[in-house]
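Common to both upcoming complexes is chain A, partnered first by chain B, then by chain C.
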Partner chain A sequence: MINTDRSKYPKKIDGKPEIDLDSGKYLKIWQGPQHPGVTGNMALELTICGDEVVECKTHVGYLHRGFEKLMEQRKFIQNFPIVCRICVPEPDTNEYLYATAIEELGGIKVPERALWIRTLNLELSRLGSFLMQVGGQAGAFGMGTVTQWSITHRDYILDLFEEMTGGRVYHMYMLPGGVRAPLPEGFEDRVEAVLKKTEKILSDIEKVLLNNAVFKGRAMGLGIITPDMVDKYGVVGPNARAAGLKRDVRIDTPYEKYGELDLKYITGTKSDAYERTLVRFQEMFQSISIIRQIMKKMPEKGPFYVKTPNVLYWKIPAGETYKKAEATRGEYGYYVVTDGSDKPRRVCVRGPSYTHAIALLQDLIVNVDIADVPGLMTSLHTCPPEIER
Partner chain B sequence: MKTLIDELKKKYELKKFTQQNEFTCFVTVSKKHAVPFITHLRDVENFTHLSLVTAVDRIEEDLFQITYILHNYQLKMDLGVRVFINRNEPVMESIHHLWKQAATYQRELKEMFGIDFPGSPGVDESLFLEGWDNIPPMRRDFDTRKYVSETYFPRKGRKTHDPATYMRNKLYPTENSQ
Partner chain C sequence: MSLRDIISPFYVWKRVFEKPYTTPKPLEDRPGAPRYRGFHKNGVDKCIGCGTCEAICQNQAIDLVPVEGIQTTDGDSGLRPKIDYGRCCWCALCVDICPTGSLTMSNEYTWVDNDAEVFRYIPGVDKKDWDYSEKGYTRADDYLLNNPDRVPMEILDPDTRTKSFIEMVKGYSKEQAQKEADRCVECGICIATCPAHMDIPNYIKAIREDNLEKGLELLYETNPFPGTCGRICTHKCEEVCAISHTGVPVSIRWLKRYIVDQTPEEKYNQIISSTVDKNGKKVAIIGAGPGGLSAAYYLVGFGYDVTVYEARENAGGMLRYGIPEYRLPYDQLDKDINFIKNRGVKIKYNSPVGKKISFETLMKDFDAVFFSTGLTIPYSIGIEGEDNPGVIPALDILDDVTKGRDPGIGKRVAVIGGGNTAMDAARTSKRLGSDVTIFYRRREIDMPADIEEIEEAKEENIKIIPQAIPIKIEKGKNGSLLFTWGKAEMVDQGKGKRPKPVLIEDEIYTEEVDTIIPAIGQQADYDFIPKNIAEKLHFERGKVKTNESGQTDLPNVFAGGDMVNKTADAISAIADGHRAAKGIDRFLNK
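Up next, the complex of A and B:
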């Protein structure tokens, strides 16, 4: 019979398991960088004993593009095509944070209407990203149909983005001073139509996924993050809220128009992969409600852009700031330093996956069955591009 | 926040305090007092969340600026702790014992800026750049263009064009031939 009590076996020396690969008890396998069960381009070096993982090391570096270095060599405006490419599912958070940091350091005040449009943009992008995550979560447990439903509905949101910004995935819509264009005519009706469709599919997914015996059996008890781990590992977003902690950047330190909207902390208690899915489900319904509130309050007239100095010669006084927003994965931050020249001195991007996919995942994965590794990774909503900027 | 910093000013010899916005402040602390100050912030003042550890190359002053961004969930405030270290002796005390994720940030700073954090787990292992044999790339004196032209060019069959001339030739071929 296999000994599954990992408290004594493998033996630990200075907190590290003593693993002798020559003993034949262990096997080292790589999951990724090209693997359907890995989120994006990263690799997990797993040491397994039978079906169970006894040790894991995250390897990144497969898509490092040197964005932070490139940004130091380009003028402020030239960095917009770069920042959005840091995150495919949710590029708008990057655009917003970079734009708002420049506005703060450059002393630009954004008009009211632009703030509302930006909030709409950010929330739509959150909804789209959540739909992608739920698809991934279901796919990781073998339910590909749910993936197709949710990705289709994310595509309807991308249609809205295409209409609003001209681009489906990368928008470059939020610029210092406001947004590039006002909302198209009759946009509200089309947003409402997409929200209705999304609500319908979410209730279908809820029935198919959350009540599914296989999903329940595999996700319940998987990857439990205890409340004391949250600060120790720097856990944020739905992963922290599923552990019962009330933490949401939109409520704690409101930005744009979030302070004028009705939203609440969505928390869980059990803090396993199932609970995190539940929290994300409720987050999606809340996002839909927020988008409806925004559309009701959206000013119809007024400037959506304020003139900035000539962007090709714009020199921003020396300073530094840290701006953050609530992305689907949690606190997303931009640390921007200027030195009085026409280029940023330093831009550092803080993505939640930096800790979720490395320090946290490496410890949570121990004792998890190898078949559940993709499900665990997806439940943490890890995204390698924000680790490698 | 100003009151808190004023209280701790003497004990940790704090310098330049900046209230950047409603939710963000920055303060400078010496290298010697940095880790005790950060530990105090975490254990006593409830700055329990470490958002970011990063560095800025102040090459003109021969300094590296290390910035730790901490967050207090009760006050709902971010505090950026700035530490300036000598660029020619880039060594800083590690904080991996305070937060688990700090080890990864420190590993990145070692690779990208060459700042060492003795004792930090895996600090000497490469994080992104396997087999890198040049100066740390995020330093200001690392020339990306030079590196690229030396490492990747000339590549067989690859041509580069001046965009303006290329477009002019494409759009107005007859004018250019005259």
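Up next, the complex of A and C:
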């Protein structure tokens, strides 16, 4: 447990810390942009006093690939293969949001079966992303075995994706009009096999990670997000739910087939790194339950794609829309503006990491031991690629 | 924190006795999933080099390149896609949109090579291990980015249309035309096949963008008969349309018609600029058919003073006197011709060359002469009794109907032949109230008539008897005719040759009919060319030989149309006219 009273430095004048680097009490070090303790490529400019962080400045810009600008110069269909590249661990949310925004603006109604397949895709993607996160969380506290277990099981989900979509990481499956192909034959059995394996590994992880004195000792009390911080920083997803807030886009404004599935808010109270891990852990079980529900309700026949106007010159009337979905990191949004031409006028991606990694982290990191910084950052489940589109 | 939290992690030791989740590296080769998007494969024989893959690729990873051993032909550009794997992102949009379905992907995961150059290759041409792999990404059934279905054209039902000569095809509405235009992938494969090389993708684009003025301008760049061709063109372009490989070709002909139908005649002059300085040179044109008027139109555009000599009382040639009104209404033909006249083309009607004015005079008075008088003399069937009254050549009937005269056909009509003229004669007779039967010596699939003409004739209750060889015609009772014909069997003539119909001796039938209409083709009438000039021209199988500019062996004499080309259709005549106009311009400006 962190003794929040232990720091005498720096003194605060008008609420701002007074840091004199020449005093010898402080040291400025950079964590990142290339660092195993940082999620993705971003940098933390840390000022430490002893092994305690007293100030932090977050830096992004190392990953900027200009997706949003690029999209303004490409036809609507040509953006479909690049949106997934905005986020490696969870590309499907991007695919879905881009497709659904274009469908809304272009007046396309997606067939029922495609909605089910998309929901399955999104939920499998959430499960895979959570598995990756829990591995990262354990790894950040030096428990690499759990990381290997969970990443292997994420790979089993990628196997399913490969079979379903034709791609392991970048699936390029949900496109305006529906999905590219129906589910492969016998897919349900293979999904169930992976879910069973995942349930087993999750129960193992529970024993070695969640019921682990070391993990508890380091994660409990780390990075507490107070209720007033939630709205101040726009905290979403499991980070907000671990603070006790009932916020989940899948339930608040159901999209695709989430409205027809049984799911509930999974919340916590303590709002520290441990609580957030716990919330995500339960969400994984919920995802497994949702996937089973989807497989049960999924229609076996019917169209999975509806023809759009010729994609080579599809012009979409002027309009704008904001579409959102619940990614593993929270509410993920796409603001798309069209101007009647064959290319989007503006595509703005709102990833939850924008606030979690840039602003919230700067605040939470003060008074945290430098050794716990990776654990804190991972507990916010930040993903720099979605900050820099 | 409890004792449980300290003991619980030791649970991990249980794993020591279990199969590990991970291995240092894959111990077994694991093939990609059946749907995996690996390296590309291409069926080069199926591919037509349309370049749609290149058009959709957002990474410009695809280049269409010439390939040794693959020739450019109608419907095949001769090019094939070359993929650059330094750019490709394996999205497979190229596979999804490929109009022929030739482009697919293998399920190959890895490919290692020290030479970076090899990662740019032409699938299907540069041989790879995965060329014949059955697995890999292909389009799912019911998923295609192209639209294979044509917007249906509204056509009068057979009962209504056979009661009058009213135009049977109603034409597209704006919404329908735009929807149909949206199916085009702008590959341009059609341009090379169209005899006139019309800029089809761009005029279709003009429809899509609702810029009909631009569309009309583009039509007139290569064809001064767009209204006519929008109705009766043989549309070779549609036969090679990329979309036809997975669906129904884009309705190029009806789309052309849409542009013309939606543009009032009065607006033509505003759309197509006509300010050309006269160059003082004169060209005479013999025959005001599509070839002659096309040459005239473009020559006027080049600044020539053009006079067209037409034997009949009206312009249009076979378009007017050979094509029935239900296919090409006269007012629509007039719309095309009026604009040609408005551009400054002078037409002298009732002025048969060789009678009213001699060919030599034209050669003397004009800087160049272009003739395109078409095929006007019907072939004889060559059977006994062909000269009986009641045997009327198809062209005579069509001519009479155009002029509003009664062609004098009876109730029971037999048409002999399987070309478009035979169909026109048969369907015209039907509209005049006759019961019509078509006799054709070969199989129905061998009929040279457009397939839709044949289908429509059948819809109109016209009976088609294939493999029927005419034997003789005799006089019957009460002015009727007894038409004797024999059933033929098709005898194989070896590879590359079409089977020959041979009479089956014991299957001879006689039909009692009132009128027999031979329609087995026509030949050119060269009587208007004096012998001394004709001797200097070169003829081959009844057709005038010209060079690629339409120039005959006499340098200032050019020719075109049915009497020159093999295809003998309107669009070829129009193309010949345009080609000759450019040839004359080059010749006179040497």
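Following the convention adopted for this analysis, the second predicted complex is superposed on the first by the 380 of 389 C-alpha atoms of A that agree within 3 Å, B and C clash if a C-alpha of one lies under 4 Å from a C-alpha of the other, contacts with A are read in each partner's own complex, and residues count from 1 in each chain.
As a convention for this text, a contact is a pair of C-beta atoms (placed from the backbone, for glycine too) under 8 Å apart; a residue touches a chain by one contact, two chains touch by 3 or more.
All of these numbers come straight from a predicted model, not from anything done at the bench.
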Chain B versus chain C as contact partner of A:152, first or second or both or neither: second
Which of chain B and chain C A:76 touches, first, second, both or neither: neither
Which of chain B and chain C A:130 touches, first, second, both or neither: neither
First (chain B), second (chain C), both or neither touched by A:116: neither
Partner chain in contact with A:165 - chain B first, chain C second, else both or neither: second
First, second, both or neither for A:67, with chain B first and chain C second: neither
Touching both chain B and chain C, residues of chain A: none
In the complex, chain B residues that touch chain A: 20-24, 26, 48-52, 54, 56-57, 67, 69, 73, 76, 78, 80, 99-101, 103-105, 126-130, 137-138, 140, 142, 144
Residues of chain C that touch chain A when the two form their complex: 1, 4-6, 8-9, 11-12, 15, 21-22, 32-37, 52, 55-56, 58, 89-93, 96-97, 137, 140, 142-143, 145-147, 182-186, 205, 208
Residues of chain A that touch chain C when the two form their complex: 74-75, 77-82, 145, 148-149, 152-153, 159, 162-167, 170, 172, 180-182, 184, 201, 204, 207-209, 211-214, 216-217, 303-305, 307, 309-313
Residues on chain A engaged by chain B in the complex (per definition of touch): 60-61, 64, 66, 68-70, 72-73, 104, 231-234, 236, 247, 252-253, 319-324, 331, 333, 335, 337, 345-346, 348, 350, 354-355, 358-360, 363, 388
